[in-house]
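Common to both upcoming complexes is chain A, partnered first by chain B, then by chain C.
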Partner chain A sequence: MNTNLKISNVTKIYPGCIANDNVSLEFNSGKIYALLGENGAGKSTLVKILSGVVIPDEGKIYLNKNILKLNSPSDAKKNDIGMVFQHFNLFETLSVFENLIIDSDEQRENLKEKIDTIMKKYNFSVDLDVPVLNLSAGQKQKVEIIRCLIRSPKVLIMDEPTSVLTEQETSELFLSLKKFSEEGILIIYITHKLKEVMQLCDEVAVMRRGKLVSVSQINNENIESLANKMVGQDLKTIKKKKENTSSEQLIKITNLNFKSEDPFETNLVDINFSLNRGECLGIAGISGNGQSELFQVLSGEIISNKNSIEFNKNFIGDLNPQERREYLMAFSPEDRLEQAAIPQMAIFENVALNNFKSSNFFNNGLINESKIKEHSKKIISEFNVNTDNIDLKSQFLSGGNLQKLIIGRELITSPDLLICFNPTWGLDVGAINYIHETLIKINEQNKSIILISTDTDELLKLSDKISVIHRGKLSKIMNAEDVTSEKLGILMGGGN
Partner chain B sequence: MIIDINFVGLIIASIMASAVPLILASCGELITERSGVLNLGVEGMMIIGAISGFALMTVTGSLIIAVFGAMLAGVLISTIFAFLTQTLITNHVATGLALTIFGIGISAMIGKNFVGIPGKEFPVLFEGLKDTIPLLSPILFGHSIVFYFAFALPFITSYFLKKTKVGLIVRAVGDSPESASNQGINVRLVRYVCILYGGAMCGLGGAYLSMIYTPQWIENMTGGRGWIALALVVFSTWNPIKILIGAMIFGGLTIIQFHMQAIGVRIPVQFLTALPYIVTIIVLVVISRDSRKIRLSTPSSLGKSFHKNN
Partner chain C sequence: MIKIVKRDQPSKAIFFFTPVLAIFLTLIAGGIIFYILGFKPFEALKFFFIVPIADKYGFSELLLKATPLCLIAIGLSFCFKSNNWNIGAEGQLTFGAIVSGGVALLFYDQEGFYILPIVILAGAIGGMIYASIPAILKTYFNTNEILVSLMLVYVSKLILDYLVVGPWSNPEGFNFPETRQFSDSARLPLLFEGLRIHAGIFLALAAVVISWFVFYKTYLGFQMKVSGFSLKTAKYAGYKGKKMIILVFLISGACAGLAGVGEITGPIGQLHREVSPDYGFTAIIVAFLGRLHPVGIIFASLVVAITYLGAETAQIFMQIPKYTGQVFQGMILFFLLASDYLLFFKFKFIDSKK
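Here is the complex of A and B:
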């Protein structure tokens, strides 16, 4: 049976921003549609409207020519629209089966049978009795997909599904999606990754600043044309110049171990590596394999054995982050609003936070506001932070601007080593480009970077050396030129 | 010294009786907390239940009206809490503390006219069987209906949470209200119901004190039992069966230390009085050490306001 989904003149206005501006789109089953756009382009809002989470101010939605009333998520479910959100809608402490039965009206045995059939048919294997928090991201996503399939949906919407997956998991997902599509499920695939659109989809709709920019067949597009439509300007692509880096060693990690008491953290086992000046070491891995523990150990949030970290010929393993900063290390943690900045404090206050020792900032224990503000203005102009109000609370900065501010705050002290963890996570193409340029510039100034990231493309672009972390163990350090994303994918999955 | 075996039975029965209000209030609060709501007003709701039960009993003469009236009073006062925290999105901790202060104050005000009035005798069940089995008879028979209900409640609660769909929904809401809302579950409604249920159980626990355990009204007669009930919920790691164990230890030590004081054991009184609190907490901490199980049974959203944004 054919399914036709039509969005007609949908508008949604939030205070201060038009999320969807008169958007009209039509989808037919049998094809896979891509909805492409930067962060804040309005694709998430559109998808939330289709799944009943957000109610549009204007406009109508038709399924097979019938008007749909989508006032709540259960309305979407009733009308056979299934949705897999970017941030999983799972209950971590409940078992997989409990997660699946909670919104099902079926008897336990019937449901179990149904799940078994689905898992056999699509070659999924998930243990139904373990709590969801023990699953990998890929498995969690499978649970979400199974949850949709139980209701035999006509429409399946996937919101940025690959952001947490490995290369292999991604290709598995694509195979499943193609199978669903062949079986007549209409698939709408939301992403900002151009490569995936080219790989998977038949038609692509591009959104920018709430407006629909273009709808086209994938055969008529290529990565550059889509990127330009998405950003609305010609993107210059940057490449790292491969120069002869110095052979002076900057940091050396020897037999670093970390054993956590929390069973949901990962233990680090025998970490060994060294890094020269002017080099960038990329550490790849699926999230949850010890990256955040490694970052904390390197930054001094977790203190380790004094001799395990040698930095600039000093042993600093037992120092805290503040003391390590004095040896010219700098840190950009993963969670910008939780770890790197304090959301309720003003920009200039956040700038002062990593610099308690600077005599300029504090006089006899009192805050020297004018000095700090002067310093903040310098960061804002040098690092292209798009605001002129340094009294603004940092929570009101966009992700990209906040990341620029954080990186700027760390770099303005000209450190020898910057350790960053997922620095471009969730940012749009423009901001990513800027951060990448900045990181390349640091290397060119003969300073070093340790880049812990889950984005393989980013790692291949920026790193000189690459290693993969899997279950708390580092693979051997490889030269970036000899590494392909396929090879990284295998190592990330625990292979050889 | 010859110890009469029936006397031992009587002591155990009195320990169990003293555990009843704790079990009732804790099991009620457990459901509230499992849905992600931290209601620190347990003491306030209990004392409201105590005065309402006693006052209704004195005024109407009907025990049934009094018991259900006390539960209703608990529901009413918890409605205030529910409205504030769920509809007006106020802070759970501050609102709960205010509820306790409010409850203690208003119960003292209503209770002025009921001080010194003797209570009524509450009917007991299976009294005829009291002398049939040595040791067990005094434990099993001759108690009020509320007593039996209280000892069944932890098992009912456990079954409800683990085996029923509604229990699953309560746990889901406590784990992630955002996900639950996206699944089409009405988070606010679930939390309202859980808060009101907690209020009813606390009201019943209070009524047990003023109508059955010590049938009279004394100002502030809950004497901190609400706080103990709250502690039991946390230290049992939200497990109803462990609440039962904790309440029994607490009740047991309270009774035993009374007897020790009466006999004149040479231990400072202050230490004896503190003993039930210390030992209960130590025992519960020791039996609830498995951090994996703690993680799985702790409601992740506990005490956090849920604001559905659109």
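Here is the complex of A and C:
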């Protein structure tokens, strides 16, 4: 049967921002629709409206010409709208089967049969009896999808589903989605990854700042045209100039190990690498394979054996982050709001977190506020942070501006090495470009970068050398020119 | 129609308004309780909150009770601001009292200007020693400081009990559970003839000034603020976390110990079983009611001190048990936590026609 989903003049206003501004869209089954937009473009709000999580201020939704009342997620379920969120809603300690039956009133035996049929039909292989925490991200996602399929949905919405998947898992997912679509399920695919839209979808709707910008057939679009629609300006394409980097070694890691007491952390096993001045070492991997632990060991949040880290001919493995900064290292952690900055504190106070001795922020134990403020103003102007009020609490900065502030804070002391972890995570294209340009620039100044990232495109664009981390082990270090995203994908998935 | 909306940012005004609201709600609830007990609410509240401080003596008593509350709460705010949950100030007070009392007893038959400073110092050190136990266990053995500091309270009370009944009891005291009277040189001087308010109040005021300076002007204060918001950030910034945990516990212990000194060397002048009517626990309420701000804590300690006095007057004039005071303290904390909801949410009046 044909399914028709119609969104008519939907508006949702949050204090200070119009998340959805009079959006109208129509979807028909048999096709895969992409909903494309930057972070904050309003696609998540629209999807939450469709799944009953958010109630729109104005506008109506029709399913097969019938008006839908979606006041709660269970209303969406009742009306055969299934949704797989970006962050999984699974009970980690329960088994796969328990997770699947938890919100169903049907009998266990019936469900078991149903699940088996679904798994066979779509070639899913997930062990029903293991606890969810033992599954890979791709498998967890399959569990979420099966949970939707049990209810034989008419509409399946996928919210940024590939952000945690390997290349192989992504192509498997795409195959399944195409199969669902052939069987008459209407698929709405939310993403900001242009390549995926081109690969998977039939029609694409682009959103920008809460408004629907365009709806078009994929055949009429290409990556550049979509990017321009999404960002609203012509993008400069940055390409790193490949220069001859110096052969002077800056940092050398020898037999670095870390054994965690926390079962949810990853142990690091025999990490060895070295990096020359002016080079960027990219470390790829699926999140949760030891990146966070590696970052902490490199930054000194986790202290290791003194001789395991040699930096600029000094052994610094046993120093804490503040002491390492004095040797001209700088760090930009992944979590902007909970680690790299404190949202409830003013911009200038956040600047003082990178306390470098020669910056004289604190004299004899007293706060030198004027010095900190002067320094903050410099960062704001040099790194294009879009504000002129350094007393502003940093929670009022957008993600991009906050990241510029953090990178600026770390770079203004002109360190020899910047270690950053997912520096563009969740940022919009404009901010990503700015951060990338900045990182290329410091490489050109003969400074080095260790870039730990889960974004393969970013790594291929910026790195001179690339390695992959899998279950706490680093792969062989490769020259970036010899690496393709397919090859990275295989290594990230644990292959050879 | 009234709708509850999330606030974008807690405003400064509401931050200091909710404690006032909490006190107001406590009065209303207290009035209702009195009414149910068969008293006239307004009269009862008057006995509770106004009569006790209507004269000079009452006012002196108010300051006398507010002094240890303020001192301890200031110390606790060092811990609470930096994410360390020291619940055992009562124990640190008791142990400070034991050590300073022991030193005072050494000098029981001597006079001299040097005695009082030694006694005061001994109290601070006693509190610090006692506070260092949960701090060291936390930093080196990952124990939970809430449990350890709380349980140590009872240990210190038992030690005190043992000492005043046994080895330190007054040889001429007819087996009463108390020690000798300290010599006058070991006593904190009274400020006015006939009133019990003593020089300990200056210790509290000094603590207020010093803590304000440390919180807002020093690197240590900045580090405490960062650690209070996010321990992950403190680690990333490279602050020496263990050192700071121990330091804030020592400060907090010293303040509680000094409060203990004030209790025994002030009006009483000897060690006995009950050195403190749970000041160490009540000060936790004071610290939060005062929003961990030195000036806020001054006001909060005065408000909470009234509940101690009010309970005594109510017991005398209205034959209500003095534990009503604790009921009021509990209500203040209860309403404070409840009205903190307003920090993050606000009521919005919406035109119902729409």
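Throughout what follows, the second predicted complex is superposed on the first by the 492 of 496 C-alpha atoms of A that agree within 3 Å, B and C clash if a C-alpha of one lies under 4 Å from a C-alpha of the other, contacts with A are read in each partner's own complex, and residues count from 1 in each chain.
Just so it is clear, a residue touches a chain if its C-beta (ideal position, glycine included) is under 8 Å from a C-beta of that chain, and two chains touch if they have at least 3 such contacts.
Remember, it's a predicted structure, so these values are computed and weren't measured experimentally.
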Touching partner for A:Asp103 - first (chain B), second (chain C), both, neither: first
Touched partner set for A:Val130, first chain B, second chain C, both or neither: neither
Touched partner set for A:Gly300, first chain B, second chain C, both or neither: second
Touching partner for A:Ile342 - first (chain B), second (chain C), both, neither: second
Partner chain(s) touched by A:Ile223 [first = chain B, second = chain C, both, neither]: neither
Which superposed partner A:Leu175 touches (first chain B, second chain C, both, neither): neither
Larger contact residue set on chain A - chain B or chain C: C
Partner chain(s) touched by A:Gln322 [first = chain B, second = chain C, both, neither]: second
Contact set on chain A toward chain C in their complex: 15-16, 299-301, 320-325, 331, 333, 335, 338-342, 344-345, 349, 352-355, 362, 365-367, 393, 395-396
Contacting residues of chain B [partner chain A, same complex]: 165, 168-169, 171-172, 175-176, 178-185, 291-292, 295-298, 300, 310
Contact footprint of chain A on chain C as seen in their complex: 5, 8-9, 217-222, 225-226, 229-230, 232-233, 235-240
Residue ranges of chain A touching chain B (in the complex, touch as defined): 53-55, 72-74, 77, 85, 88-94, 98, 101-103, 131, 133, 261-264
